[in-house]
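Chains: A, B, C, D, E and F, in written order; residue numbering restarts at 1 for each.
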Amino acid sequence: MRILVANVNTTQSMTDSIVEQARAAAAPGTEIVGLTPRFGAESCEGNFESYLAAIAVMDAVQSYPGPFDAVVQAGYGEHGREGLQELLDVPVVDITEAAASTALFLGHKYSVVTTLDRAVPLIEDRLKLAGLDARCASVRASGLAVLELEEEPERAVEAIVQQSELAVTQDKAEVIVLGCGGMAGLNDQVRERTGVPVVDGVAAAVTIAESLVRLGLSTSKVRTYAAPRPKKVIGWPVPAAD
Amino acid sequence: MRILVANVNTTQSMTDSIVEQARAAAAPGTEIVGLTPRFGAESCEGNFESYLAAIAVMDAVQSYPGPFDAVVQAGYGEHGREGLQELLDVPVVDITEAAASTALFLGHKYSVVTTLDRAVPLIEDRLKLAGLDARCASVRASGLAVLELEEEPERAVEAIVQQSELAVTQDKAEVIVLGCGGMAGLNDQVRERTGVPVVDGVAAAVTIAESLVRLGLSTSKVRTYAAPRPKKVIGWPVPAAD
Amino acid sequence: MRILVANVNTTQSMTDSIVEQARAAAAPGTEIVGLTPRFGAESCEGNFESYLAAIAVMDAVQSYPGPFDAVVQAGYGEHGREGLQELLDVPVVDITEAAASTALFLGHKYSVVTTLDRAVPLIEDRLKLAGLDARCASVRASGLAVLELEEEPERAVEAIVQQSELAVTQDKAEVIVLGCGGMAGLNDQVRERTGVPVVDGVAAAVTIAESLVRLGLSTSKVRTYAAPRPKKVIGWPVPAAD
Amino acid sequence: MRILVANVNTTQSMTDSIVEQARAAAAPGTEIVGLTPRFGAESCEGNFESYLAAIAVMDAVQSYPGPFDAVVQAGYGEHGREGLQELLDVPVVDITEAAASTALFLGHKYSVVTTLDRAVPLIEDRLKLAGLDARCASVRASGLAVLELEEEPERAVEAIVQQSELAVTQDKAEVIVLGCGGMAGLNDQVRERTGVPVVDGVAAAVTIAESLVRLGLSTSKVRTYAAPRPKKVIGWPVPAAD
Amino acid sequence: MRILVANVNTTQSMTDSIVEQARAAAAPGTEIVGLTPRFGAESCEGNFESYLAAIAVMDAVQSYPGPFDAVVQAGYGEHGREGLQELLDVPVVDITEAAASTALFLGHKYSVVTTLDRAVPLIEDRLKLAGLDARCASVRASGLAVLELEEEPERAVEAIVQQSELAVTQDKAEVIVLGCGGMAGLNDQVRERTGVPVVDGVAAAVTIAESLVRLGLSTSKVRTYAAPRPKKVIGWPVPAAD
Amino acid sequence: MRILVANVNTTQSMTDSIVEQARAAAAPGTEIVGLTPRFGAESCEGNFESYLAAIAVMDAVQSYPGPFDAVVQAGYGEHGREGLQELLDVPVVDITEAAASTALFLGHKYSVVTTLDRAVPLIEDRLKLAGLDARCASVRASGLAVLELEEEPERAVEAIVQQSELAVTQDKAEVIVLGCGGMAGLNDQVRERTGVPVVDGVAAAVTIAESLVRLGLSTSKVRTYAAPRPKKVIGWPVPAAD
């Protein structure tokens, strides 16, 4: 089984980190292929960047030359999953939804700990649309930008642990979701420090994608996610920059 | 006051129709400038096309050479408004939200009548995110594609009237919202046939944009819609196709 | 175009202040007529007073001798708008709803800052009924009574600014709504101090009323707001006190 | 124990019918006193009439010369209960809420069957504000006006039974609430015909009022329903018509 | 009228206390019979114990040798009420729901103060299922275990008063519900200390049960709570332990 | 990895069918062990039976002599999962929640097709508590009892297909969930006939349980699902019937 794991930003080291986490979660026999968009922002921290990423991920997936069995969109709180579902016949799993859905099996309420405060409303909106917000205790920001997670891993852990502890003690979360693709790999540390299960979206998404493939399930094509109607589309695929 | 009214598809005749409707609603002294994206689909009827439109509208607005006071995004149920709000300091008004917000002042419940069934979930999702769904009685599809509205105006009116009547009698709507930029101009006919107020999103959005400008109000920049952080972005502006 | 702007209490100076704010927001050519009820409380700060105001505003509007194009009910969080909609064929705009509806175009969440703590539940209830509560971050009380706003403007500004800042920092509001007709005129000061857009309900309502009139839209009469059925009504109009 | 049962309209025969129903439900030793407002509409079927009734009921209760232990407001879906709670120290029970609250103990979902279609949104709004709507399957209209219930009792029973049956079979209601003070007395017939428990709001409210009195419970005065602040109020009590 | 009041745990002194509270609330002529389950936990503080109690209460009620007119399940936030409703033709009233339903008549919002933190989610879930959560301001834990309420009454009062005060000042509750059958008898003290009405679930449930009996109302049998279908059931009644 | 798959009723053939379905879904190396409760009803179709099953499943799991890695509770819409989570340190997956959670990845809305009408409210309640109801289009009953599914497989398929088609065309479901452990094995037929993905809860639950185990995740023990406090419990384990 081959699963494409698409980063939403153009930072290769982040793709590498995501792929590593995906491989650690994958079953034997699952091939993980990382995709880095050829355009877009070096990190996604807002709607403009997220909309651009939506298109860039669709572009990257459609440009992938070989066959594949499922796609994981590895940006937390980002736009675009619905578009991929229209374009593809194989399952598409968004890490925001995968993490939340997994957290529901582990405790009464969960909290998301993400990067910047400005990302919080995007995540809240994604969870609301996904119908996975009813048991979300809070979405908290660590205050670190996406790329700072890589640059300052120790400070990142501290900030994430601090918000996770507040989520547990004040918001009554019983599970923590790491709300950024770039946080892949921190879950052990956060779990040890907080004493609650920690869900990494990439890992969760890979196992869900594998399960859907194994069960022979894929996106329903009767209505919302039917293939685009045949029509004239200008500028797709997106032209390469000079 | 100059308001940019951005079509979401690449069909010029639809931009013309939207602009005509916008001008009819505008106050004396308001200049309406129509924008047609230079890339994207000839009509938006799904998520892939809508995500592409989100980027194309941002591109079109950012490419506009002169000053302007507000932007109306004239696609019903489409993605992208949040991105424009980040990129701009002037007010941005989405016609989906403008129409719903206006309908709330006219009756206890409203219904949206749109084009294809597959557009219904997109519209429901936009209204839910906007927090404008609590008094939405239903979103109904006429079964006509966007471009058929132009090609077969009589059949379009019939289909829209029929669904509007069902919305009033069965779903208890007291107001009808025309849920497609391409329906601009049909409101008189629908109102006469159903006996309820009919809201056209383009007209509603233009008056709301004018009001915001006049009141000196624009998008809050403290959090969700702060300008994108300075960072490396590849492929923006989107390169022109050869 | 003539818009009646009805104060909900019997304090003439408050009507004057509301009218001043309304005129500042009105388009050229809009005539603003202030109405002060001939009975009721000198300020509305609870349900008894608000119900009395509902009747008093209907009385004042029905007693107005000339023609008019729209009515603005200028009491924040008060009862009565639905009754006016039944009695009139022209649009009726409540400032509670106008302000909330306007705030939705300016930020992801808004907060209301009102007078006394006891007014908070009334406002929350109005917003819930209007279906405009989903993006309301909080309703906060400044602790000042309605009439104290006039008597102690400096203290009022301080108290309102303080609560607005808490709304922004703690409740994550991105827009502030001034939740009292008597706060008309404070928006510049609050905006400067908090850095977020501030919406005044009277100004918002006037522009919405103007827009509805210009678009030829008014209250749907098919169900909830149909004219009262012909029947025997004792004591209406309300007799004058001796 | 003396309970004032206030009709919301000026039709004495309807007060008599309500009082009869109240007495049938009351415990031995409970004195039921019927109040008919001295002003207002002969029946309440809309917001204007309901707001007038709110004031008229407060007037009637405040004019009552003797002591009393509780008040039942016997209009289904009407405004005003909150005002009474501010004015009084004894418990106030609204029949809309009493019936819904009682129905919750009898089945998984309940439906309300009321008079005219135009009353449905008022009732829905009251239930939403009361937080008693989550298990309401539907509010259905029999199509009969309030006064027709008295004039044509047989036709009334038929129409109410018909809607009740639809509520049970289509809306999955397991309990029927009779949604009009004037339906007092029809519950046996509706129960026999539909096979489900039928709740009459007047009877339910009387027993709740009795229980609150016996338990020594009354309206909380710490916030929403504190007594009106001392202030100048013009036209209260409402002057008598000449 | 005979009402069975079923304790959910096996502690006889707690049954005695519940019965005492029930008798104080009952009308003259109502006979209160206390039931203590013959199996289960000495106190219910979690789901395992609560599910066992659900079965134990059904067992105790079915084993009761004489006739009875209603059942009160006197465990706050426990499972099982729906099962009793299936097995019986007489009304069944759960104290969690009775208390919440009563609190709605007394103030705009209520809070529950219960025992251990781990009981909070169970109570929140019961209120959500009952559709009685919309006006619940908070569920707060005093930190005392059920049996400590009996053992250390003074400390219990202090802890409960402290949380009640926080509920009033911070969560804006206007009514306090004592969220444990074992708190029966503390309501006077909590009311005096907080100044808001305090509802005891046992007392509330007894008066509701009495009212339903007097009004001739009982559980609807058309769907959810129909009697169990005839079928083979092993191990029921539950065998006695040796 | 060993997963216990617990049937909720005492019918061995149904356990066999569930185990077969579980094994078909399990990854190589996963051992599926079926458990049949030693007491309870031969099928669960209501609350009494479901509460008894809750205890019986806990009993069966605790009586299992060997080690295991996860538990699947294979009754659709039944009580008890929370109790298991308290008693165990390994993951517990309920098929109601597993199926819903899986369906969310496959379409915009899903419907559940279950057995008898009386089971519908139980399922609706489970989904509401699980916070998985927001995208549930409907829960529909085929009208067949649980045991009839085995006895009359052809009629069962017809009835289930019919309701599934109505769910797709009328309720706008894009995915069907088979809402009964006894429907295991019908998914291919329903999918072929309706054209939408069909989710079987047992299969979904097995893959989720496997994933949780592989990711090292299990129930959070900090609050709701902490182990029961040490205390005196009578009648546990449940005595064997003579």
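Heads up, the rule we're going with is that contacts are C-beta pairs under 8 Å (C-beta built on N, C-alpha and C of every residue); 3 or more make two chains touch, one makes a residue touch a chain.
Remember, predicted model here, so these are calculated numbers, not experimental data.
Asks: So which pair out of C-D, B-C or D-E basically repeats E-F, with more than half the contacts the same?
Replies: C-D
Asks: When chain D touches chain E, do the two copies use mostly the same residue numbers, with over half shared, or different ones?
Replies: Chain D and chain E contact each other through largely matching residue numbers.
Asks: Among the chains, which is located farthest from chain B on the basis of C-alpha centroids?
Replies: Greatest centre separation from chain B goes to chain E.
Asks: By how many degrees does chain C turn when fitted onto chain E using C-alpha atoms, rounded in steps of 5?
Replies: C-alpha superposition angle, chain C on chain E: 120 degrees.
Asks: Can you work out the whole-Å distance between the CA centroids of chain D and chain F?
Replies: Each chain's C-alpha centroid was found; their separation is 44 Å.
Asks: How big is the gap, in whole Å, between where the Cα atoms of chain A centre and where those of chain F centre?
Replies: 28
Asks: Enumerate the residues of chain E that touch no fewer than two other chains.
Replies: 108, 121, 172, 223-225
Asks: Using the touch definition up top, name the residues of chain B that touch chain C in the complex.
Replies: 25, 27, 91-93, 97, 101-102, 104-108, 130-135, 168, 172, 174-175, 195-197, 199, 203-204, 207-208, 210-212, 214-215, 217-220, 222-225
Asks: State the interface residues of chain E toward chain F in the complex, per the touch definition above.
Replies: Going by the criterion above, the answer is residues 10, 38-43, 45-52, 54-56, 58, 79-80, 82-83, 85-87, 117-118, 121-122, 125, 128-129, 145, 223-226, 228-229, 231-236, 238-242.
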